[in-house]
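Note that subunit A is present in both complexes that follow, paired respectively with subunit B and with subunit C.
Up next, the complex of A and B:
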């Protein structure tokens, strides 16, 4: 009797996951195809990867994207953490306000956010390029850091902080010696997520890029608009491998910190 | 009047509110202002009040674009809900080890480049794509099926892109469900389906509303999906705004953006009505 619904469950979930990953696997597979068309498989090759490494434009936009992603990650880690820690101290009403304000960038559709920033920055006559890219990316990455740190803070035993207060610890001392060490793994995971999100953004970067400084996703998008070429497949595959290294690293860190917690 | 202690307690919040206020609040207000301004023949903004940009939204051509985008976002919400609910429900009922594996597989696409995921569909659905070449090879069809460049293609791409958001929202809601309520329902003789419709579904309503909102908002503006999968014939709001920006008609782009934000506010309003008495928020 019980076996039937279980079989249905396994079947449905397996089918879903196969469909979820087939498009991704198709991209990877055809990055190794000799023929530039997906119509047939003509044999294995690494030529498209070789072409990729000779492409000067891609190297240039990749460098820009990395600089933007790392700056964004550092800035949003600082801002998101600061905002989350602030909520520990303020009144409940203020905490709700901070919540709304911090999550606002995620509630505005990216196109509308991008257009509003484009119009605003050009009214301020800011130079489009690194500055506008980093500012806008920080804007939509900070909420993720805020959410992840906030979730971790909710797990912390308040009595520890109360005890520290009773023993005469000041605000900075409590933040530095109790809160920050406890949320550090979350901050790190969130910063890595910020790197991934920044490296993936197409919509806002389209509006924020300068005349000479476009980002990797915006460049890939324009390549894709021209048509299917295995060079794009190869590039996407490399980005995927890079991202998986980041995920592996963040998994490793969260495992380490969990082990340490259990040990204590 | 002034509670000095409260002001002092809330003081650290000021920099955060100011920072987000400058980068989100002021630009959005500026967009609203700009949407009422005109432009000269060179595309420069002229400080002269006009309703013209909003009148143009009601031009049948543009109205169709609004309708298309709204339809796309609503259908994306419904499709991801219908496909995602069983996924979330079954995953929540798996034993611990398999559950974390399934959750990992659901969350992993968040990390995979969204362009790659759209591009995968071009490779699958294109005229020379994987599906067509397989069907041709096994002689199931004798000329390639046209699966690209229509509304359905954009819908598939958008739903595929956003379904992880829906599943995570649903999962959080289903996972919190008090199992003893279900057992009580069975004990009282209710069938599986009755229990699902009378207990599980109403109690997971916040998750459904949250998932729908999280999917609806981005579905309105992911212009690269409609651009790559929809071709030139299927224009959505994101593509239109993009075209106006390129054509240097900034006041009109601003008016369309305001229109888009109004659609979002509508959905957020419905969301807050549904989850009025619930503690959990959209993200936290």
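Up next, the complex of A and C:
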């Protein structure tokens, strides 16, 4: 009798994962299909991958996306961590206010954010391109870093910090030798998350990209008018593999840091 | 109180920000004014091969910004009219941009090849006197039919929208999944026009639409041709480039241009009123209208072009394919969806009620 809920749980979980991943598997499967139509399977081919690697436009927009994603992740890691550490130094009421302000960019609909940034940067006469892309992406990636680092900060035993203060450590010293090493894994995972979110963004990027800087997801969406080729399936497959790799890496890091903590 | 250490962190952060600014600032500079900023659909809507040829011949660099909708192009162009030279927008957007005063009246003296354009694509509602726009890519929607499949079901051959209502065609029709297209089709089958607002006629269309329910096997916007290739459907209403793909995969599929008329979409080049590189843009427009270039574009994109002079340079199989090189009498039997915004809400309402039955 006891096995029943267990089996039910397994069944539910498998169903959940099957439904979640079947569409993803379809993309991978069709990226090897000879026919450009998804209606028939006409044989195995690597042609779409060959075409993909020969496509100079995709190479170019991919490079732009990567530069934007990495710059965004560094900037938002700096800003988000600084903001999170600041909340240690302020009153609870102030912290709530900071929280609200930090999370606001996540609550505003993307289109609204895109259009208002467009108008704002036009008024500032900023050149549209890398600069506007990185600034706008940082705007919606920073809150994620902030949340993740702040959660980790809450777990830190306050007595450690008080002990350090007792022993005469200055604030900067406390941040450098106690807080930063403790939150470093969170900063790293948050930065990886920021890379993923920045790579994923379509709506804001279309508004922020200048005449010479289209990003990868915008490129894919803009192909709808002409028709999407299985080249895109091949590209999605590669991105999926890359994403799994990044996620695996960040899981590995957080596991490592947890283990180390348990030893201490 | 914020301590001096925290201040230091903030200062460092700002330094980092400005470092990034300076670093990116260097990369994005343009090479004088030998360039054009172009904005339109991505992929190879304007083939890179053609653009490269233009760049080599003239030394003018073409910056191609890709977007995903007409409305996006509108907001980008209206926010920064001095950043873009050319855009390719769909017919109705020409009208909107023109009325909002963002378009430059084209100087035909600088585009001698303008004379190559087939008059059947000119003088449309969005630009009655052809002052602002140059038609670039034309597509229409029509029926793609599997005649053998229709016969096997015991139905009469399909020549018009009306024939889709035959009882024998149960579960055998695929339609574009968009309220405006579907209700447009029903209106045409009743002998009315697109964009109908008369409540009596719309109510009649609604009733007629509900009678079609049993025959529809699928709604599909991106790959309706696949339903015909797989044999799931024997007739489908779709865009011309989809029908071309369908026939390429299965030669027994045939186009049917319904006698009641069809919708047409014309993507047009327009120039921003404050375009920074107008002369270069004129050079580009004239280049694209060269007969050989224009024919090459059609061959690469599978979009019909409006260039009459290009016809002799088209490959035989393109020229003889009525789904690619539309006969003039087909084009004369087409009309535009005008002012979709006015009818949209009502159509969408009917359409969602209809789809609830599935």
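One rule holds for everything that comes next: the second predicted complex is superposed on the first by the 248 of 264 C-alpha atoms of A that agree within 3 Å, B and C clash if a C-alpha of one lies under 4 Å from a C-alpha of the other, contacts with A are read in each partner's own complex, and residues count from 1 in each chain.
Criterion: contacts are C-beta pairs under 8 Å (C-beta built on N, C-alpha and C of every residue); 3 or more make two chains touch, one makes a residue touch a chain.
Only a predicted model underlies this, so the values are computations on that prediction, with no experimental measurement involved.
Once the two complexes are overlaid through subunit A, subunit B and subunit C clash, as defined at the top of the document.
Of the two partner chains, neither subunit B nor subunit C is touched by A:185.
In the superposition on chain A, A:37 contacts both subunit B and subunit C.
Once the two complexes are laid over each other on the shared chain, residue contacts for A:130 go to subunit C alone; subunit B is not touched.
In the superposition on chain A, contact is made by A:210 with subunit C only, not with subunit B. Contacts of A:97 after superposition on the shared chain: subunit B is touched, whereas subunit C is not. Look at A:172: by the touch rule set out above, it reaches subunit C but stays clear of subunit B. Comparing subunit C and subunit B on the residues of subunit A they touch gives the larger count to B. The single stretch of subunit B with clashing C-alpha atoms against subunit C, selected from 97-105, 169-177 or 241-249, is 241-249. Overlap of the subunit B and subunit C interfaces on subunit A: residues 37-40, 79, 82, 86, 89, 115, 118-119, 202, 206-207, 221, 224-225, 228.
Listed in rising order, the residues of subunit A touching subunit B in the complex are 9, 12-13, 16-17, 20-27, 30, 37-40, 79, 82-83, 86, 89-91, 94, 97-99, 101-113, 115-120, 123, 135, 139, 143, 147, 150-151, 193, 196, 199-200, 202-203, 206-207, 217, 220-221, 224-225, 228, 232-233, 236, 239-240, 243-244, 246-247. Remark: subunit A residues 35-40, 56-57, 71, 74-75, 78-79, 82, 85-86, 89, 115, 118-119, 122, 127-131, 134, 170-172, 175, 202, 206-207, 209-214, 218-219, 221-228 touch subunit C in the complex. Remark: subunit B residues 6, 9-10, 12-13, 15-17, 19-21, 23-24, 26-28, 30-31, 34, 83, 86-87, 90-91, 93-94, 102, 105-106, 108-109, 111-124, 126, 128-130, 133, 160, 163, 217-218, 220-224, 227-228, 237-238, 241-242, 245, 250, 253-254, 257, 260-261, 264, 268, 281-284 touch subunit A in the complex.
Listing the residues of subunit C that touch subunit A in their complex gives 2-3, 5-6, 8-10, 13, 16-17, 20-21, 24-25, 27-28, 30, 37-39, 41-45, 48, 63-68, 72, 75-76, 79-80, 83-84, 222-223, 225-227, 229-230, 241-242, 245, 249, 301.
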